[in-house]
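Lettered A, B, C and D in written order, each chain numbered from 1.
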Amino acid sequence: MMLKLVIIGGGSSYTPEIIEGMIDRHDQFPVTEIALVDIEKGKQKLDVISRLAKRMVKKSGKDITITASLDRRNALKNADFVTSQIRVGGLKAREKDERIPLSYGALGQETNGAGGIFKALRTIPVLLEVSKDMAELCPNAWLINFTNPAGMVTEALLKYGSHKRVIGVCNIPFNMRTGVAEILGCQTEDVEIEFIGLNHFVFGRRVLVKGVDYTSIVIERLKDPSNQYSPANIVSEGWSSTFLSSFMMLPNPYHSYYFKGAEMLEKSLKEYWENGTRAEVVQQVEEELFKKYDDKELTEKPTELEKRGGAFYSDAACNVMTSIYTNKGDIQTVNVQNNGTISDLPNDAVIETNAVMGGEGPRPISIGTLPLSIRGIIQLMKNMEELVIEAAVKGDRERLYQALVINPLVREETLAKDLMEELLDAHKEDLPQFYQQV
Amino acid sequence: MMLKLVIIGGGSSYTPEIIEGMIDRHDQFPVTEIALVDIEKGKQKLDVISRLAKRMVKKSGKDITITASLDRRNALKNADFVTSQIRVGGLKAREKDERIPLSYGALGQETNGAGGIFKALRTIPVLLEVSKDMAELCPNAWLINFTNPAGMVTEALLKYGSHKRVIGVCNIPFNMRTGVAEILGCQTEDVEIEFIGLNHFVFGRRVLVKGVDYTSIVIERLKDPSNQYSPANIVSEGWSSTFLSSFMMLPNPYHSYYFKGAEMLEKSLKEYWENGTRAEVVQQVEEELFKKYDDKELTEKPTELEKRGGAFYSDAACNVMTSIYTNKGDIQTVNVQNNGTISDLPNDAVIETNAVMGGEGPRPISIGTLPLSIRGIIQLMKNMEELVIEAAVKGDRERLYQALVINPLVREETLAKDLMEELLDAHKEDLPQFYQQV
Amino acid sequence: MMLKLVIIGGGSSYTPEIIEGMIDRHDQFPVTEIALVDIEKGKQKLDVISRLAKRMVKKSGKDITITASLDRRNALKNADFVTSQIRVGGLKAREKDERIPLSYGALGQETNGAGGIFKALRTIPVLLEVSKDMAELCPNAWLINFTNPAGMVTEALLKYGSHKRVIGVCNIPFNMRTGVAEILGCQTEDVEIEFIGLNHFVFGRRVLVKGVDYTSIVIERLKDPSNQYSPANIVSEGWSSTFLSSFMMLPNPYHSYYFKGAEMLEKSLKEYWENGTRAEVVQQVEEELFKKYDDKELTEKPTELEKRGGAFYSDAACNVMTSIYTNKGDIQTVNVQNNGTISDLPNDAVIETNAVMGGEGPRPISIGTLPLSIRGIIQLMKNMEELVIEAAVKGDRERLYQALVINPLVREETLAKDLMEELLDAHKEDLPQFYQQV
Amino acid sequence: MMLKLVIIGGGSSYTPEIIEGMIDRHDQFPVTEIALVDIEKGKQKLDVISRLAKRMVKKSGKDITITASLDRRNALKNADFVTSQIRVGGLKAREKDERIPLSYGALGQETNGAGGIFKALRTIPVLLEVSKDMAELCPNAWLINFTNPAGMVTEALLKYGSHKRVIGVCNIPFNMRTGVAEILGCQTEDVEIEFIGLNHFVFGRRVLVKGVDYTSIVIERLKDPSNQYSPANIVSEGWSSTFLSSFMMLPNPYHSYYFKGAEMLEKSLKEYWENGTRAEVVQQVEEELFKKYDDKELTEKPTELEKRGGAFYSDAACNVMTSIYTNKGDIQTVNVQNNGTISDLPNDAVIETNAVMGGEGPRPISIGTLPLSIRGIIQLMKNMEELVIEAAVKGDRERLYQALVINPLVREETLAKDLMEELLDAHKEDLPQFYQQV
């Protein structure tokens, strides 16, 4: 039996993670073909990755065919699963997303800040094309999207795309589970966190270890700064006791940008002056990584990849695919359409939530109303996302401006205007929807 | 380690089912004590059941202590699980619930019809007392209620009771799964039905077999009258092709009372004239059962019990308890507070729904909006239930009258009035809340 | 300044009511042209009405031009207001709507019963055409629809039509106000009833006289059967004290069909056997009316028209138009899109509700949640209406069948099937959407 | 006939406004007694106001008795209307509300910022006592609250108070109408603005002049900075064209604190360094005002009062009272319980909205869903208010901290903590609920 996975953005430095994930899970998820797809501009990287992937497979002894191609439509034919990890405009674009806001003394924040907003504007139209192709060429395949901002991108695909089998994944929830397991000294598999909220704005409402509530114990331990969980790419200073005790919920690392914004801004500015933007740092890391990848002796994922920030990305995606394929019915944290799961958010909003993962895809566990302490801020962030999505799809500057004004990292009406104009201009060639002839 | 189960209404003819269930599951659910509790009036039956239970346990070789008592409060101490299967007023009361409506040419229907309404009025105040005792004496114990009308009773307990760890169970969903498995020729464990709605008014929206959608196949097969699933106590004539194809959902057997009411009424009247009410038939069955139970040679549940109508009751309840105890995380169909699971029903309404069953109890899978074809009728039935619950708790005749007028099996304003008055009068001694001095 | 009113279905026997209304209100609403439009089949009647209208205007001395035409599109040009009072298939069709259900021992009920359902199926596609024409030819004009079932028709126009300035009116609320004023011995203008619900299924929650609450006084007086208000076409027997005291709301006359169905059926059958269907009776009344209308001496609305059943129709419509034209800001009862006015109904549902009527059209007064006693039955009726509307627009038999099964006047799955098939067949030529080639 | 008005906080410098309002409206609202009530600490001011009021009434020739008292309970007896305009802790407290945040480089903002939060904490418990007294002593009287933060205070009274006839008023909407009328060169009475949102966070969605939509014209004119409307106490710099065109709604002057926060902070700091806090400025203005008030020759409201910032306060309150008394049925902008008016906010939230004002109080005009552009920010502000109210009623520090973190003018978790601690300490004696022995 054939089982085909297509990786859109196959030339990404993250791809070896997925290859490894597929090899490790081959007994349960016997993939027969992995098709790497990329665009012309990424051909060179694609070749490096493709060769590394082949070496990795060979070493594993698994029966997996690796193919590489620039012809996306051809690759999508007969796909069973498709993953997406693209970066429209490349790291150069990200650099602008970070540098321009910083030049105004504001955080760019490539998830939900002005940077993330412009990343969404660039990405959504491209993935809507993928969605259209999938509806035509592999209508039963699942698209596992981990292109950021994953929440907004998934919502755009589910609202405006032709293909409805789309699941957004992010490594943050998985990361937090692992972090909590470390703090408690137990196995990650035994930890369940009740996640509520949005991608990069998710809270952990309850921690269960083998069905027993450990929330207050974890909260207590988090007060010790040495117990912070955080991904490699966010230097977190931890949360005050007051914050942790008042909210009695686990913040995610990205919450620092909102509730510790002054600190984070100061830190970002300092780093920027010393090393340039994070994008520039990453660019260098990537160059080194690709040099490693190109080494013919390398037959497995190099440990350096983990420094890149996306640890567990592949786990999140590979677990989703495996559970669908095997009708496993375990609980995973994914980005799916709300459809009433959270009563306080629109039905067609995408939320990051726990779902039973089986043969028919994710079925979210009902949440009901949001806790009073976070209801409004989550509603605000979702509203901001909806405005961005509409702006991205329609090239609508009014919606874009509204999103920026509403965004807590911008908020000032003049700053919003300045950022909008400079960023639109800087990304002009990747934002055709805003520059179309009418 | 102690693991204590208390059975309220332990003298019920159904009790041997639970005893058997506990014996069968003893490896996973190592109950150490089963305390049977009943009221003075039921002492004789309690003794018979208690002796049978002891013989069953002895034969099984399991280490379970059986106790029997009329002192409920004492029995509840240290309970881990409590089940409830009481019948306030006994079968004599049920006889009135059936006979009086029939005398007006109306279906009594002991679940959601006038009969069920009065059963709720009698039962709710008694179980609110149990709830109060549990909050005091065994605050961590789970109450598994299968006293009918299970949906209304559970809602009343969750809205007005002191004890919040309450789960309602009914054998109908389990029955339907079994029936569907038979129709498809597969294992019950492999069948999942997405249930939506209310107790005795639940629909099966989707049938999955190992994660694959078999809904339309099952619907097609149900058009063949020989393929009907139905509990022993409802003689079903099957559904028309038009009905099945239009709704594309699995009706439950009790839907016959609503959508095939004329037929059911005719049948009930005929049966009534021939054999008396169903209550009277059951009374006879029970007498024979208890004769069997009292046979000292009997050391297991007699097969005759299944004719009684409640097959799989014990399975539903025992499965719930086992999954909570073992933090299993499987999907079970239970009656729980809506809390946003179905967007079109109040948050504090109890619904019958699929839930992930683990150490912290049931967590329902989100449903969202109801299908357009059944939204209104489910909203109507829920509204009717809410009116009954308020009437039961407050002894409020206005609410009771409203419930009867709104009920599709009554609807006529004059019939509602006549039924209300005659039934209130007939059940006077079991309905003190309607006859209190103010 | 020009002010043009177009009457779609201008040949209706009701038209003289509107002509009179326009003459009476000419000081506030100085209409300059009334264009009567009808179809070929109704040409003769149109001529009679047109001549009568001209005589009425002449006598009044007002400066109003009356025109008559079969060319709807031409008439609609430059319209400021359009009223609709059509009967697709004529009284012959209504006769079938009544006779066929009665032959099955069921009430046809030309508003929300099976009869009303089929009237909706015939009417909606025709008025969607009018809506399309209006959007093109008179985009700023208001369509005042009083074609029955007015609620469903208005909802269909607002959901599926191109033209959004649509208001549904019905004489029942106005009638009830007048009736209440009589009961209290005060002026109709001083009575405000808080209406909640749906067209032909509306309740009066509160009666205010000059801002003072008289609800319980009115309820008390309604217990005296001589105090019933009811339109000429419904013989009402009044409501029991129990009903009135329990619900503490004013039922509308059509509620008799639901809550006093047995009585109404008996009466309808008796009448049918004696005089034929109501449609046949009306047919005769109409013939006589038209004879009168054709009398050259007649220069005003004959009093016999009031027997016809639609008293106050013109008042409801004329008041709406006048208040819009003069930006009056008074409170009127109309059928408009819910848009959150009643929290328990869909946003796009049409409800019958009190609204502030001004230059921008109706703005409904917020209601919030429905009273518990009627919430479910109103949700059910609305659901039924939604199914009918979808059936009407798409020619969808599944939706039609669902509507019939859900309808409390049908409910039996077999009856639903039989009625559906026989009525579809009987109305075949007026229901092209169900008989299209695919 | 007696018609008694009680003014809680009668010694306020605003009282002459109400007295004038009552005199001006005496034909429609023939008040017979105005009872001024204050606390011991305010006795001196009360005496000054009382004497001035008497002189004003005398000059008017109206038959109104002015009384002054420190015995609130006695004054409330037989009241028909009660207004509240108190300042717990006086201007000294306000000074702290402003100075402490400014010392952290943050805006205090006495409406919805940290300052307003602490004003709410001090005020709510006191007015809950008034509510209790009213329920006992004048259960039919209406409480017209214009004590700030008026929205939060009204919500607290409606959620937790015994007396439910409470309406919150603010002069901002009235102000905006007047401002728009000036901009358009028309009469204020002819302007209607569709207000949506919350007190001090309200937007004008649509401007109607005699029923005709002038929204885009007003928006266009507002782009000219000379056309800004703003109360005397807010120096507004106007809004950018981008902001006005994107949102297409009228911001209220307090929106400057949110969307032009940097500017406003700079300005506030500058003013603070030059003249001290706004509280200190006001203190001086008040002293001068009271000197004027005490002038025996003064027999009318001095024009200087308008500089004080509260112009039109009395108009808003007096109009509400007059419309209730006369069952007028006009549209006024008030703070009332949402109850479904805005679908996106809780039913028990208080909103600032247009309502039909008649004998039974305000009946809000349905709004439905909020415009996408402002939905989230309004939901956030409401959430913040709910947290404050709970904190105020229960003395709950967790809720207070959450409110501060969520508040867009605070947001930083450390700042929230510092502000909370310093402000709680500074207001200790006016916040007994946070310092009770447990």
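Note that a residue touches a chain if its C-beta (ideal position, glycine included) is under 8 Å from a C-beta of that chain, and two chains touch if they have at least 3 such contacts.
None of the values given here were measured: they were computed from a predicted structure.
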item	value
Shared interface partners, meaning chains that touch subunit C and subunit D	none
Gap in Å, rounded to a whole number, between the CA centres of subunit D and subunit A	45
Whole-Å gap separating subunit B and subunit D, where each centre is the average of the chain's CA atoms	55
Interface hub residues of subunit B, defined as touching at least two other chains	none
Interchain contacts, given as pairs of chains that touch	A-B, A-D, B-C, C-D
Contact footprint of subunit C on subunit B as seen in their complex	239-240, 242-243, 245-247, 258-263, 344, 372-377, 379-384, 386-387, 390, 397-399, 401-402, 405-406, 408, 411-417
Of all residues in subunit B, those that touch subunit A in their complex	208, 210-213, 327, 329-331, 339-343, 347, 356, 358-360, 363-369
